[in-house]
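As written, the chain order gives the labels A, B, C, D, E and F, with residue 1 at the start of each chain.
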Amino acid sequence: MEAARIDGRAPGGLRPITIERGVNRYAEGSALIRWGDTHVLCTATVEEKVPPFLRGSGSGWITAEYAMLPRSTQSRMQREINRGKRDARGSEIQRLIGRSLRAAVDMPRLGERTITIDCDVLQADGGTRTASISAGFVALFDALRTLKADGRLAEIPLKDQIAAVSVGKSGGALVLDLRYEEDSSADVDANVVMTGRGGIVEIQGTGEGAAFSRAELGQMLDLAASGIAEIQRRQLEVLGLTEDERRLFETCA
Amino acid sequence: MEAARIDGRAPGGLRPITIERGVNRYAEGSALIRWGDTHVLCTATVEEKVPPFLRGSGSGWITAEYAMLPRSTQSRMQREINRGKRDARGSEIQRLIGRSLRAAVDMPRLGERTITIDCDVLQADGGTRTASISAGFVALFDALRTLKADGRLAEIPLKDQIAAVSVGKSGGALVLDLRYEEDSSADVDANVVMTGRGGIVEIQGTGEGAAFSRAELGQMLDLAASGIAEIQRRQLEVLGLTEDERRLFETCA
Amino acid sequence: MEAARIDGRAPGGLRPITIERGVNRYAEGSALIRWGDTHVLCTATVEEKVPPFLRGSGSGWITAEYAMLPRSTQSRMQREINRGKRDARGSEIQRLIGRSLRAAVDMPRLGERTITIDCDVLQADGGTRTASISAGFVALFDALRTLKADGRLAEIPLKDQIAAVSVGKSGGALVLDLRYEEDSSADVDANVVMTGRGGIVEIQGTGEGAAFSRAELGQMLDLAASGIAEIQRRQLEVLGLTEDERRLFETCA
Amino acid sequence: MEAARIDGRAPGGLRPITIERGVNRYAEGSALIRWGDTHVLCTATVEEKVPPFLRGSGSGWITAEYAMLPRSTQSRMQREINRGKRDARGSEIQRLIGRSLRAAVDMPRLGERTITIDCDVLQADGGTRTASISAGFVALFDALRTLKADGRLAEIPLKDQIAAVSVGKSGGALVLDLRYEEDSSADVDANVVMTGRGGIVEIQGTGEGAAFSRAELGQMLDLAASGIAEIQRRQLEVLGLTEDERRLFETCA
Amino acid sequence: MEAARIDGRAPGGLRPITIERGVNRYAEGSALIRWGDTHVLCTATVEEKVPPFLRGSGSGWITAEYAMLPRSTQSRMQREINRGKRDARGSEIQRLIGRSLRAAVDMPRLGERTITIDCDVLQADGGTRTASISAGFVALFDALRTLKADGRLAEIPLKDQIAAVSVGKSGGALVLDLRYEEDSSADVDANVVMTGRGGIVEIQGTGEGAAFSRAELGQMLDLAASGIAEIQRRQLEVLGLTEDERRLFETCA
Amino acid sequence: MEAARIDGRAPGGLRPITIERGVNRYAEGSALIRWGDTHVLCTATVEEKVPPFLRGSGSGWITAEYAMLPRSTQSRMQREINRGKRDARGSEIQRLIGRSLRAAVDMPRLGERTITIDCDVLQADGGTRTASISAGFVALFDALRTLKADGRLAEIPLKDQIAAVSVGKSGGALVLDLRYEEDSSADVDANVVMTGRGGIVEIQGTGEGAAFSRAELGQMLDLAASGIAEIQRRQLEVLGLTEDERRLFETCA
């Protein structure tokens, strides 16, 4: 018999998720995700410039920044500026968010502009990077809508719908969407990012306590796919697509 | 005739203010203030240690940190860690918040512990420092309640109720509670912090474009006092005082 | 009966003040102020450029930097570069100095150039910020004279004479110009910056140990005004005004 | 027909690899790997202390640092200390190396000491992280031998043999061990870390240009497994195991 | 015929030098040197602690810090804290000052305490490092006197009198004590630190534009020795030695 | 009788030295020097730009950077980026290397380009700066050859051959080429940089424990000259000069 999860969820169950759009009056797109006790505020900022390596290329860029508020965690963490250096874990996470969301957009059609997705963790209980990607997609899509509404883009250069979830092996059982306590005691822990068609954009799996087999990886990907499908349904719901936009997503898929 | 304010308020009118308590599950106290379009998340963290200069003194300490999220403003601001140095304006503001809130608590009765008030601006439209002080007081009081509930304190070492507001002279008229646009064009701009009894804890007045007279300072303080009285009513409402706590506040006053 | 002050001064008495001009052979203006045991070296540097937000505006800028030498204090302080971060108190002070001295000059008439006032504290015994402002004004005026002498300015764009002093409440008595020992034990402590006409440019009052009343604030401003008038007399003496310059100051006043 | 690789290798072929042990006279273990044109110097340093979170636990720790020499790349890169901040990519890589090599050792049996694996890239042509892990294992094993030879450990606390390789999809074909040019144009790119028994310790797969399917992931893991088996043969050869040590590796496997 | 020097000095002439002692009321020793237009403020701070490598050794330590005020030079220099990194030239100079002054004191007899010599350049016109060493010695000796007066030392642990001067080859001629203009156009430039007996403590000679011969080095050392003898006379004059102290210096010599 | 050296060398003997050229496939020149147990990797990078002070001058620039790998020393050193500041000793050394190698090249004939010599110490046993200069010259000369081969230079703008060695006084005896143990216990320690004609480019001598006399300095320079002559023979051997290049060196000499 499987060990019960600390919050009584089924092994393949997600925590309650709500996404609120338009939470910031200045950002071109924004979303506040409450994924269980993990709360992340994502804003998408459009700037009419690109990094040096893209200047003159006609292509756009999407980048992300990730940070945790000092008391987003059980014990207060010192701010990066006071520690005097960038947090290595945060650097790694923001690179993952950036790569994942770049898969959502057709860069040449975006044109020479940069969209920066800021993901600020207000409260953390595991899964902050997958929450950031999943809500970051919503903020990003709203920023693309703003660009179209402003006449800066003729059409939304969507390439794919992007969402993410964590899976792991804890106490011998495979589980979806780990809370902090589950995550820190898990033997295996993976973060999976997928498109609307179920293609893998990113898989990062780590055997912290023990290596894992090809078969286990397969089971984890099954579990992740089911969770991501559910998160993508929520993204579409909250985005409230127009008919034209719906076709855009269907074309992707 | 006076010039109308950009949002139609009376010269002595406050913007709509709501304070939400208990918004962070880890912090000993927390409050999210929405003061017009200025939104600040305040958390109060208790740590059982004091800075070196207080070790062995038996006295406690209250300190504050203040930061703005990158897209809390019209144009995205770079994070301090990426600029590589502490923002001077932020340093000045967090010193003001710390000094102001230290006036709320009797340090020897707090004992050798530190309460850190983190004020993170989610969205800014002027008055972020006065919002931080006013909501910081609510988070601080809840942290003191937690210490009492935990048995770490026999009684709440409250010295005074603290709140703050801005006043200014804009277009020849004195106005209460300046929005960003009003503030950036004001000739005179002052931030006032007061106790529940109307004592001045801090006054910082600046004649950006023109010096001001003793009489004008007096009028600004009158306006500030009326605004702070209203904010203090909101603080008490949201705190939902018990009978014992009410007496505590009355003793202060 | 009032408590005697540690150096026997009357409550409204200033410490001995000397200002020496032209102490640096490279700077466009410079002044070394010895205000009791507080010694500050101020230099004014003119650069033919302005910060980004003023480019193309035709307006100039005045900014200040403030730092303390390691052994300007009783115990040696580590240099900022070795601590690895900007000192928050220093940041706050240099912002105050900059704002105060900007009130002295008519920026459009200064033209697109920046004057930087460096205030380096050689020895500190309280009142370093008011000494910096008071001597900074002298260095600044000499820099304006240099610009006129060089033919870069047709006339000196003076708007006002600026000086500053501290006042406080210590042991129940109001006192002018606090030394370090008085300042660190004061209940209330205010720094006041005024124009030659007695207008208030900046007032920063803090009730460190106790709040203060409107009446006390009024008394402190009276005391400050008398001290500032005396300091302004010293500034004029040391500047040795020409007839034309004297008229310039009278027009302000 | 498959496109030929730039250096004529078969899709599943490795570049020539040599590992030289004992290249540093001070380090407890060291290895210089020349993997095609990627050259990495790995040193293992033993220190009799552990990070705060392990003090008193009886358990040891393994950590890694990764850096590139300025001219390890086509264009000279500025040193991190001159850029003033930690390189985000480097932070991510050193976290991966550390996690991977921690899977090699039984921490409680290591005891309260830290082994730091420094991986300094002398020359880079793709695959620096997998070269670092593969050579880092050799340096680490030699450091464990040193601890045993010194009498600080009764036996070598080996848990598993660890090696790593990259795989990718480039121009429609799956390829093993990507050079820089292949890597930068690849659609899919994965780094795989495995134990001697073929268990997965870490998989990081990214669809830079296009998402990938479950089937493709499977094929990439097959390719990786064959490459890693070959690298593990090289590790054993260069380590020149004693009979006792050979049994140790067999027990793992 | 020799080219005349810009200020009409003889090739072996020193600029006018004055040293003022006791210029800082807090420091255990202090000296302000005005060496032509080079002005350096030196303070000596005693702290009852030593760096880690000397703890428990019974020996003391002498270290130096060197910095330039922003407007000590023709063009204003940015402060190190604002540039975000230690100035390399300054690091090199402060290491030289520290090494030179350590030669003045018998460390075991100093006991486990550190004397820090802060050398802050108020105005620079060449020779700031030799001025720092020469005035630093005066501040250091006064700090030793303070330790004796306080009863912390039974006798002054003087090992040698230390002074320094620059020499160079400019326009074909050997010259003593280079001003900035001479220094920046010199072909050869050396800084020499000597004891009261004429022993060499430090020689740093650089052929910026051309190498120099053994013979030229010899002539430069002759010139330096004569200049240093003169500076040492000034040090003794300003120190106003007691009979006991005079014997101390004679014993050195 | 002289004390024997720890490795049995004669007082004037050098450690075994090998220099390997072309060790980096990207750098315009590179050399790995193994000088006893001191191993330094030098790369020369050509960039078609100069520092601001040379723009438009037609002249080139040569600069150096010096760093030690963490485990180049007996105890592991923290990386500079993790300590958060530039190492002062390293700054001083790289300034010395840069100055020394600038003496090798005729800057106007180099043209407006910069050659950066990176000296990374893989293993240190004393004499890292002299090894860096001696091998840096080889890398630099190869970079000049590359520029000529590329047609960017018509001829190699060589001014002089540059090499360096350390000398010292240890246990009463003068010795050449100090190992770390000898260096750290030496009374006097000097680094000497010379041209092919025996001209002195740089002499840095320090009496750590005792001052030294003019006569001793002379003896040290004799010893250094003999060592440098030998190192210069090795440089020429490894460079494998063509007839034309040989004439170039002879013209210098």
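General remarks:
In this text, a residue touches a chain if its C-beta (ideal position, glycine included) is under 8 Å from a C-beta of that chain, and two chains touch if they have at least 3 such contacts.
These numbers were taken from a predicted model, which means no experiment stands behind them.
Bringing chain B onto chain C by least-squares fit of CA atoms involves turning it by 180°, to the nearest 5. Interface note: chain D and chain F, two copies of one sequence, contact each other through mostly matching residue numbers (shared numbers exceed half of all numbers used). By residue number, more than half of the contact pairs of A-D reappear in one of the listed pairs D-F, C-E or B-C, namely B-C.
Distance from the chain D centre to the chain E centre is 52 Å, each centre being the mean of its Cα atoms.
Between the CA-based centres of chain A and chain B the separation comes to 34 Å, rounded to the whole angstrom.
Across the assembly, chain E contributes residues 82, 84-86 that each touch 2 or more other chains. Those residues of chain D whose C-beta lies close enough to touch chain A in the complex are 85-86, 88-89, 91-92, 94-95, 99, 103, 160, 190, 194-195, 197, 199-208, 210-214, 217-218, 221. Listing the residues of chain A that touch chain B in their complex gives 24-27, 30, 37, 41, 43, 45, 47, 65, 67, 69-74, 76, 79-82, 85-86, 116, 118, 120, 122-123.
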